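Two complexes are shown next, each including chain A; its partner changes from chain B in the first to chain C in the second.
On to the complex of A and B.
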């Protein structure tokens, strides 16, 4: 058993990497300013520990295997990556593979990243301080991007290590885009990810965030959304549990009339872990946010959702909703859900709801009485629980990928043999 | 086909069936009648294998196999079908998916040819029409938002598609108007065949005007206290269950 890992240990490990990495700074001068400012902030940051409220249900102890001590080495792009978009960018361990990448007209790529408000967690700061590479996509004003863009973040390694991967996207005025962010990987690698998206006036983004790296991998990621213009973002998030998955999603709704929709499905089975920390900041009047998340946990899996809606004093006329329904597949599984409303304005309409339930014995028996074996009945009912959201995926290619993927995630426990042994 | 010998069963520990005997041969239609609380639904649920319905004594053999040893899905795969008194709603699982899973599992187990999805859809649509159910219902969640009558018709639709060896209908007539009752009866009658057994569990004689049974049994306090032909149902309708159970008010005045 590894020794207990303190917040100070984590910080020491993280800082050691960035000091070691100073020599490679010359590689991409565009990142130097970000790295320097992030490093300064990181030095003042406090890493989470057992008593940090936002990390109440998630222990960073798996990092005691030394993931932060080692950076994942450069690796080749696997041949059989899924093609869900019309255009694809591939980053392997945080570095863009130019030969596997292409973009449509109206979208320009820069190998740079910015210092952004809202990226305040130690892991997001470390991401900025340690970047070797970064992608910024700019969608030109009034461009309706022809074809969907898939960005694959692939993590690859045979031993505990980490990579930093970063994507920034700016949708110009009057532009439209479908972006599919997909996290895949092999081996015990920690992906420390930051995605930051800004939408300007009359922009419309359809965003997919698909997370299914290897079972023994770790993922600590931040998704930062900023609606600087009257714009619409529809974000669909599908997440499988792994050894440790932590998603911090932070949305700033900064222009009156903007609309944010986020839908998510998360599945933690076979001792895997998923922690979702959502925070929607309504800072101006007359904006709408809608969040619908469904979670499932089974076989000692653990899933967490904390959904904070923060309505600032001036944000009158806000409509904000959050719904999180969860299903416990068996007694050993854990689900923690907490909607959190913080409202500093009387003229708002907010609704939130959270439930945790179990598979219905009557429904199971009904299926069995028609000849359907119990395991298959459970799988069908689990799929039924999230079906509404799957049916609501507007991109057919993603929906076609998601259905069998979910059927697999919700099928027979992969740990069944191990449990029996 | 079905042989029940001195069956004792308990629900959540409480004895309900107390020595029930019944034999159903292929080609026969049996009606089991009885007052509220006599054990009719318990019998249906015990035979189908519902949780908490425990066989505490005796035996129930289906095709020579003891049902107590079989999971509910194994019973269904052998050809036992229970039409539920209260069909369950399953939002998120469409009727079509449900039928596909049910028919794949049972047809495979019974060595019948598997239906591809085109065949299945065609048969399902035809069967919907047979029971006056709009085929649009196939796309909806299982029983989701169905009226009481639609749920019962859906049960009959499933039964017709699954072609069971033994069909148990648990108060399928309850809550049906006269048109729906006739539709359901037509569906059941179309299944009558020399290879198939049918057991109707019912409270009222009404259903038996449309599905004429070969045998009528009266269940009271967990035992069959009288068996006879179809005329027994008429006598019951006339005299009430009290005629047999000794309680004059039973069946006539539920508040007594």
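On to the complex of A and C.
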């Protein structure tokens, strides 16, 4: 098997790519400044190893197959991509396919990206340093975007390789938009993704993040939310496990009166892996954040959630909540959850709750007694566990896509159910 | 209703147990090397195996790095500026009874309001008082001996019960466990040893009062409690220390072994000098406490932490045996510039193991109070259960309260629940009390006591009274 991979190896591999890339890539001068500053920061960055606290439960050993050594080559857009939005942008291996992309009025697209506060992890820095392409969507002030916008990030390759994909969205004052971000792919490719969203005063964003690349794929992604205005973000995240999935979600709530809602469902079955690192930063008074996450793990799958709520000094009047419930489906699967609170103010209301448990034996028996086979009973009950969130998806097209997708994720017969009585 | 001035008044109250006892000491020059360890071992007349054990721990420790993951900041401790041995002079001819004990020493306890004589009578508490590093007076030995209970200093145990010490020392907290436990293993000077024979219910509550007295002397106690099959013991640990300006390191190790069917209840009231209101001085309390519960055994930790500049402490239970039970009840109060990173670990290995964690954190002033806990369900922990509740109460808008609960599950039938809330003393509660003629200081004290009630009710009687008083002293009148 592959040799042990040290943080230094990772850094060396990443840096080797970037030095080549800067020379060969003059096609998008708008990205040069970002690439240079990211590269400088990357040189000083330390890649995570086994002892890094934030990577306690996630090993980067799958990268020993050499994903960071090769960039995924440009590929054609597959014909059968799902259509969940009224307008669609497609990025294949990080590059925009203009021919299959369209945008509604009031939204402008630029092929650029900027250096942002909060993008500090080595992988996010590498993303900035190695970008071939990037898109920034700007929603004009006071625009209620007609129709939903779907952005597909497609990763394609036959060999271990990686791609960097980047999306930035700015919602102008008084604007509204529904954004559906979808990650799909084929083959053992590492998607190194960065999505950064900023909302100004009175903006309202409904954001969907759907991640279901190939099972042998890898995904290391950062979602950065910044509420620079009194705005509202509703984010819905649906994630399937793959060989390695790591999501860093960081939200900065920077204007009093802003509201953030994040909901997520993550399913790690069949030896797959999902690591969610959430951090909500309340930096100003009188803001609200609400997070509800449901996790399932089965058949040696590993699901991790670290949810931090950070109330900065002076952020009085904050209401912040996090709930994380998890279901462990069979022996051998693992769940790790750590809801953190870091509070520097007494005039706040914060609560978090986390549970880990199994399907109720009584409920299973009830269904079996009525002739439902055990595997089907388990699937029904697992669906019931996440149903509250699925039912809460406001966009009907996404909900219609999510239900069969989840049923498939939860219901595939996988041998381990044979331990039935 | 809630005024900063009233809050400040409470926070600025002085440490009540601060004074220094002038007793001549036989102290080693500062510094740590293998020779120092040999001297400590020789002074105590230890057998060869224990010296080897210490040296082994020391060599191992040299390779280790000080942990930096806790949510605390402090200047690095110069371990070479510490003297690793200090014994009261009168050690050579040890007093035969309490009457012969250095009167000034006894006076120390009197100032703290816990005179030994009174305690002997009060509820039959046997006291093994640790003054600096060597046990000075041990009481109620005869009564305990009747029941077959061994309660002595660990140095005595090394001589009188070497087979027990050799078997269990380091069996729960291995000498290479962590940086501070490693250091303790190399240089520990004294502490208590308890052995409860099979099926014996210890006739009284055992108690040790620790005091750090000699300036610049880190205390490295080592406590070992072994409860044999089906036995029961309740152990009380309480600490206060004189006021002084240099940081004193305290790196103790407590090991509990609960053999099948045994129960150990370990209660702590910790009120060491927390430093002045800017955080100058004060004790660094870096303690490793852990117990192993075998089949059907139960270990219960209860702690009230109000002192120390820095607290770094995670009393843990390894639930090794089937049907074993672990409990952790904690009240941690920080004020001024105190920092606490404390919590527990419940490692569920056996089937049907259960654990309960109730943690109450109160922070005031510029202090920082963190709960850090681990609940781990191993792959064989069938039907294991855990319930965790950690609540924080903030007094003022300059303090910090944090929660870092690690939850790990590897068994589908294990159930883990974790809840945490953060609140302040509400204006409504205060208004209600004041309307009824209760002054704000008293009202706060009542509310905080109510907040901590769940934990206080787990404390033995004497301690519950002391703990309530301690909180009152620290907090009376704090208006949030």
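Here is the rule we go by: the second predicted complex is superposed on the first by the 412 of 421 C-alpha atoms of A that agree within 3 Å, B and C clash if a C-alpha of one lies under 4 Å from a C-alpha of the other, contacts with A are read in each partner's own complex, and residues count from 1 in each chain.
Please note the rule applied: a contact is a pair of C-beta atoms (placed from the backbone, for glycine too) under 8 Å apart; a residue touches a chain by one contact, two chains touch by 3 or more.
Values in this document were obtained by computation on a predicted structure and should not be read as measured data.
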First, second, both or neither for A:256, with chain B first and chain C second: neither
Which of chain B and chain C A:381 touches, first, second, both or neither: first
First, second, both or neither for A:52, with chain B first and chain C second: neither
Chain B versus chain C as contact partner of A:365, first or second or both or neither: first
Residue contacts with chain A in the superposition, chain B compared against chain C: C
Touching partner for A:159 - first (chain B), second (chain C), both, neither: neither
Partner chain in contact with A:120 - chain B first, chain C second, else both or neither: neither
First (chain B), second (chain C), both or neither touched by A:350: second
First (chain B), second (chain C), both or neither touched by A:328: second
Footprint overlap on chain A, where chain B in one structure and chain C in the other make contact: none
Touching residues on chain A, where the partner in the complex is chain B: 360-363, 365-374, 376-377, 380-381, 383-388
Sites on chain C touched by chain A in the complex: 69, 71, 377, 379, 392, 394-424, 480
Of chain B, residues touching chain A in the complex: 48-51, 71-73, 75-77, 82, 84, 87-88, 90-93, 97-98, 101-102, 105-106, 109, 141-142, 158, 162
Contacting residues of chain A [partner chain C, same complex]: 53, 313-314, 316, 326, 328-358
